[in-house]
Amino acid sequence: MTLPALLIAAIVLTSVSGLLALAVPRRPALGQALACAALCAGAVLGSVAAVGALLAPVPPALTLPWGAPGGALALRLDGLSAFFLIPVLVVPALGSVYGLAYFPQARLGRKAVRLQILFGLVTGAMALVVTSANGMLFLAAWEVMALGCFFLVITHHEEREAQRAGFVYLASAHAANLALFAMFALLARLAGSFDFAAMTGLRAAWGPATAVFVLALAGFGLKAGLLPLHFWLPGAHAAAPSHVSALMSGVVLKTGIYGLLRVTGFFEAPPASWGALLLAGGAVSAVMGVAFALAQHDVKRLLAYHSVENIGIIVMAAGLALLGRARGDAALVFLGFAAAVLHVVNHATFKALLFLGAGAVVHATGTRDMDLLGGLARAMPRTAALFLVGAAAISGLPPLNGFASEWLVYLASLRTVYDLGPVPHPHFAALGAPVLAFVGSLAAACFVKVHGTVFLGHGRSRHAAAAHEARPAMLVPMLVLAAACVVIGLFPAALLPALAGAAAQWSRVAPEALVGPAASAGASAVRVSVTAAALAAVVLGAWLLRRHLLRRGPLGPPPQVETWGCGYSRPTARMQYTGSSLADALVGSFRWAFFPHRRVLPPRGVFPRRALYRATVPDTALERGIVPALAWTARMAGRARSRLLGAVQVQALLLAGGLVALLLWLALGGGAPW
Amino acid sequence: MTRLAAAVLPFLAFLGLSPLLLGAVTRVKSLFAGRTGAPLLQPYHDLRRLLGKQPVYSRTTTWVFRAGPLVGLGAVVAAGLLMSFGGAPALLPFPGDFILFASLLGLSRFATALAALDTGSSFEGMGAAREVTFAAFAEPALFLCLVALVRATGSLSLSGMLREGLPELWRAQGPALLLAATALVVVALAENARIPVDDPTTHLELTMIHEVMVLDHSGPDLAVIHYAASLKLFLFGALVVRLALGFPFSSPWPSLGVFLGGMALFATALGAIESTMARLRLDRVPQLLVAASVLALFALVLLLR
Amino acid sequence: MLLLALLPLVLAPLALAALALAVPRARWRPRLLLVGAGLHAAAVAALWALRPGPTLSGWLALDAAGLLTLSTASAVFLASAVYVQGYLATHPERDDRVFVGSLLALLAAMTGAALAQNLGLLWVIIELTTLATAPLIYFRHDALSLEATWKYLMVCSLGIALALLGTFFLAFSSAGPGGPQTLLLPDLIAAGDRLSRPWVRAAFAFLLAGYGTKMGLAPFHAWKPDAYGEAPGVLGALLAGGVTNIAFLALVRATSVCQAAGEGPFARSALLGVGLLSMGVAAVFMVGQRDFKRLLAYSSVEHMGILALGVGLGGAAAAGAFFHMVNNGLTKGVLFLTAGNIHRAYGTKDTDRVRGAARRLPLSGPLFLLGFLAVTGSPPFAPFFSEFAILSGALGGGRWLVAAAYLALLALIFVTMGSTVLRIVQGEPRQPAEPGFGDVATTAGPPLLLLLAVLALGLWVPRGLLDLFDAAAALVRG
Amino acid sequence: MTYWTGLVFVLVVVLDLLVLASSRLRGAIRTVAFQGAVLALLPLLLPAPAAGEHRVVHMVALAVGALVVKGFLIPGMMLWAMREAAIRREVEPIVGFVPSLVLGALGVAAAFTFSGALPLPAPELHPLLVPTSLSTVWTGLLLVVSRRKAVAQVLGFLLVENGVFVFGVLLSGFMPLMVEAGVLLDLLAATFVMGIVIFHINREFASLDTGRLTSLRD
């Protein structure tokens, strides 16, 4: 089978996989298993095609005719597409396995069938998005994906929260779509065709090219959740079922990144200002994303804000790669591109892992409020351990994959201050490094908060007390993702040559120019692996030593006691530090950007009965920007709608007035004012 | 063989001598206070005593609590592999190693903070909160210092930054390096929970940072924590000393001696600072760290000029 | 032979209408509708293959634009005819004699208008559509529908009178020395610059106001929300899918004469302005709209504006406008028919009281939602491609401001319309369902089929159809 | 002939203003009917082109048809409706009579100005033709907008149609009889339907005040 055939088989198989859920109406569990198996099979086929494409000397491509005006069924699997294709297929496949236990058709019936169908459809559409080589096909696949996601978000459409989140998502997805309409229309005008092949190599002249870039930033930025266009994201991720959140956060957002990379890749020598804009926008997104995350109680909203953060990091890296192209610095191109793409893959793994873990928690406890949880590590130790892997990875801690890609971002941003060639580099890009460090330590703080509040300590409510370990079908996908985090983290060097190839295709820099930087980064990456091994050895050694000491101990096994309360002898679970108090000081330093909703019932009297303090931090862009703006529009529209219009005389007057206006305009010459 | 020894011996010195550094600091503080103080080797005795004790575990804790100290130690030791002590390069230098260095310290903090939260104690939660909060402000400052050094030395590895051409650099870019070094000292104080950020000797739970996080650890676990803390102090000491001394090392052995002398000076300076300054109010700490960031940024701007 | 092809298409529905008024048994009348619609659809399908030439000395002829309009109207009418079977079954108490007769007369009028090549004849037939629809709006026989009927009659009659004046102006323009002295479209176009240009301009202003009223372009749209809101859903489908398209066709004919007389830029910029104004007015009136049928009426105003905009932009956008005319007609059919179903099932069209339509009407609810997505231009539904073609035309002509305004208004309308539609479809119904008003094959099937047609046009547009859009646009290409 | 034609045109404009000024419905209906009858005679006053027999038949048919429809059938229907529905006689203006007249006069002036921009295609056409037509259309629109009663609005519509008819007559040179007959029949049917609706309105609301017809609005 040729690679394009494999790819098409994968797309078709995944797209229709959900229909198998209807195949055996009598045995819903079997139907769901069949659908899941088909999705997994499609993912395997597609991944094989992607790996084959990475190894192939020339990107496999295929074109079939299509009836839409300007459209063609053109597929192309170059390095960029291949690197996106694998997570785009694998994460949903794992999510679908997870769904076998998390969203069983046998119990949920039609709702689960609908979800299964859409799940496969969205997966197939995403695969088409990242492999299409025609603007019309891209747009059509893009919208199928966006609409499919909308229906996934409103899976629980009887809940108000899901309704609102779904609507906000739909509106922003449509706005993104309109921006992309305009962008592709412009691109087609510049290139003379909707085919990507014709668009490749456009000159980045001032004017239309800038418009294309701005529209791409708006459209793809909305999809990717780049601040301040992220407003739809927290609500949608929180309201959707967890494996859908994993799908959306893990891979759907990445299609925005893919689009941004793809479109900027069309242009020859993009101006440095594009790269600078992406770098700055990414940095703002990263910092504010994690800041908002720190302020959340809802574990899924929190994870959603971390997506904003990580998208910011990816966009920073993409901006650096563009700067490299603007300056003709092959090393910077490689580092930035590799960092962006590797972080895309990595974020897909650890964020999917975290959402699946959060889903297991929600499934077991029935609440997403972290301040009601606690101590789950005892009831669900495996989930806790797997979640911890994801938490460490997203915090960029070695030796996991998050570190590997962030390390490349650091190197790329430092590239602008050392070992420079004759071209002037924008030194400000080096500030990316301290920004990343800030973001990384905030993320670590945030995940200390999440893991500490959810899994450690005492349970804070009956929700926590009722918890149970996740089912194997839920644990296995998480295990696979965690293993991916570890393996990529330990051996990042293995991926660098393929990334260099993809970077060469993307930037049209001669591949030889990228070999050197890739090799040197690879050599360093090997040292990272060695250091990780040393770390593991020391931990193991210390563990053995402690075991030895404890065995030898004269007093038997260590006694189990209450936590020492500094002399206070009757601690209760409610006295623990909550997630909110843990993050309070850090959240405080972002007070200027937050507009919290507070409910305060202060303690009164000598023996206060009941006191309450509850603060939630809603999204500033949504609640202070978009919603008031829309409300204002509605008010203004309301004022414009005169009640007089109900009278037939006024309706006739409108008609007469319109005619008089037309005649006046005619009398004045009838020129076009636009 | 000699080259191997020249590379390994400083690392062994790092592993072996860091409790001594702690002892030296304590000793200097005692002298400032007019007391004789504990012997220099007291930290080693403490460690041995703790290793022999039977630990006590809270019923609330899980394996996270037990893994915390081990990971903390492992991370700091691994970070040592990247640090150049004395005149020799580190054991595993590579371009971009300082990023791994900082991240390993971050890993150690992550593990310790989680272990603290595992006890379910409000005090330890408080400690963890403060630790992660201050770290968030210390980290950008540290990176700004390091970026300034990258810019100044043109090298991406710690060994490269701290070895070649530093003396000339001090002559050429003295003010900038001084600013960076000052910022680095502040970061070192914060990262190691020293005065004026934290007081390692206090026993008022409500004000402590690092010490309050380890309230529930006992026996070998506590020993590992203390040891890791001393290693971390040694690492930062090495960073500051290597930057501040800035003179050429023609051969490894004398340079190791000079380095150790420098560390002694560091201990003295640290003791002096701790004796003469008061601990800052907690909410002032971020301001101090932001100020350090600004200094480092200024250094970077000077270097980029 | 040629006479046989076109004339019966107009006369047969008229004969059936007369029969409907005469048939005594109420049970048979709706069947007549089915017969008429089926025969009509079959005949239109035959027209695609045969393409007969002009007849009645050129007064009736089939050109590309007419064929497109006629086919859309026929398809929507067929769907509506099926729908009416189920609809009338739920209202046995109302006399359907006039209802069925008017519907068939409307079909005859729409057919005639699509074929008419004499502008005077065209006017007469369009006025007939007004008169044929008035009893349909009053079908509910209550105060509100009476009010709507009155406004519809008054505003449309006034508007159409202005169109007559415009038609006479056009005749005047050809009456000068050397003029063709005719109202036959091909002759007028052939006359070209022999027409008197001031008269052509004045004529276009009056025709725009007149047929713009019929089409529902702002500011001539005032009758639309009232009529669409109070008439049965099936009439909304026919108005939006047939009558307004006929009026659009009339405007296109007027534009093509202007074009030939060298006044194309004037006509197009007038259309452009009115088109954008319609979209803007629709957006303003959709915000917070609490009556979902009125909401659809404003959506119709918006899409008529898009059609005017497309023709106003000219070039590729004009072909997009014809594509959009077909798409909008079919999609509005989906929306109005399902809206009628929802209205009946809940007994109200107040969006504050309609919830969970997807639950209560498992077909109509989701169809309503999908229809909304389609009409707002979501791929892979066909309106996306036509709206995109119009956008491409705007950008291709370098009309940045127009493109920006177009996109901004589309986005705003999506948000405002979406918030209402989603509220209706989602959630749990508050009251239990009224018995006997659920989805049945005759009321839910037609919109489903129309939606499938819209989807099919999005996935694959036959080459011949694309050529037809181009041929239709050639009439007004600037 | 031209003299008489001019007189007819002036008469038509005067009748426009008279309708605006009348405070009684019956009077207004009769005025409109009279205007229609005058206009119906217009074809006979036109210069007979050298078209011969056929044209004369055409002209006479048009004149007779218009006279019957505009002068008798429609006013008869409206008067019948008023009697049947027991409609009160007052016109009930929204805009008072004096302002109406002023607006009407302004419209006439504007119509004269505007028609100056339109060259007459044939020299034998009377120069008052276009302004008369536009003035009448304007008066009709004004009547629809400024009167409260449904009957008055129908009158406005009829005035508009009268204005348009002025043109139709002049076009009879090449306008086929079929079209003109269609136009007249449409007018008749429209008025008939309006009459029915008025009847229903009166039954439903026990009044013809269109102020009651404002329930539908946003």
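A, B, C and D label the chains in the order they appear, each numbered from 1.
Convention: a residue touches a chain if its C-beta (ideal position, glycine included) is under 8 Å from a C-beta of that chain, and two chains touch if they have at least 3 such contacts.
If you're wondering where the values come from, they're calculated on a predicted model, not measured in any experiment.
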### Task
Would you indicate which pair of chains has the most C-beta pairs in contact?
A-B
### Query
Any idea which chain sits dead centre by C-alpha averages?
A
### Query
How many Å are there between the centre of chain C and the centre of chain D, using C-alpha atoms for each centre?
30
### Query
In whole angstrom, how far does the Cα centroid of chain A sit from the Cα centroid of chain D?
69
### Task
Please compute the C-alpha centroid of chain A, do the same for chain C, then give the distance between them in whole Å.
43
### Query
With chain centres defined as C-alpha means, what is the inter-centre distance between chain A and chain B in Å?
35
## Note on the structure
Residues in chain C with touches to at least two other chains are numbered 150-151, 154, 158, 162, 202, 285
### Query
Where does chain B touch two or more other chains at once, residue-wise?
none
### Summary
Multi-chain contacts in chain A, i.e. residues touching at least two other chains, fall at 641, 645, 648, 650, 652, 655, 663
### Query
Tell me, which pairs of chains are in touch?
A-B, A-C, A-D, C-D
### Message
For a test of understanding, state which residues of chain C touch chain A in their complex under the given definition.
### Response
150-151, 154-155, 158-159, 162, 201-202, 205-206, 208-209, 212-213, 218-220, 222-223, 265-266, 269-270, 272-273, 283-285, 287-288, 356, 358, 373, 376, 378-380, 384-385, 387-389, 391-392, 395-396, 399, 401-403, 407, 410-412, 414-416, 418-419, 422-423, 426-428, 458-463, 466
### Message
Taking the touch rule as given, give the residues of chain A at its contact with chain B in the complex, in rising order.
### Response
374-375, 377-378, 381, 384, 388, 392, 395-398, 403, 407, 410-411, 414, 417-419, 427, 430-431, 433-438, 440-442, 444-445, 447-449, 451-453, 455-458, 520, 523-524, 527-528, 530-532, 534-539, 542-543, 545-546, 549-550, 553-555, 558-566, 571, 573, 575-577, 581-586, 589
### Task
Would you tell me which residues of chain B are touching chain A in their complex?
51-52, 54-64, 67, 69-71, 73-75, 77-78, 81-82, 92-97, 99-100, 102-104, 106-107, 109-110, 113-114, 117-126, 128-130, 132-133, 135-136, 138-144, 146-147, 150-151, 154-156, 205, 215-216, 219-221, 224, 283, 286, 293, 300, 304
### Summary
Per the touch rule, the chain D residues reaching chain C in their complex are 117-119, 121-122, 133, 137, 140-141, 144, 150, 153, 156-157, 160-161, 163-164, 167-168, 171, 173-176, 178-179, 182-183, 186, 189-190, 193-194, 197, 200-201, 204-205, 210, 213-216, 218
### Message
Can you tell me which positions in chain A touch chain D when the two form their complex?
### Response
641, 643, 645-650, 652-653, 655-656, 663, 667
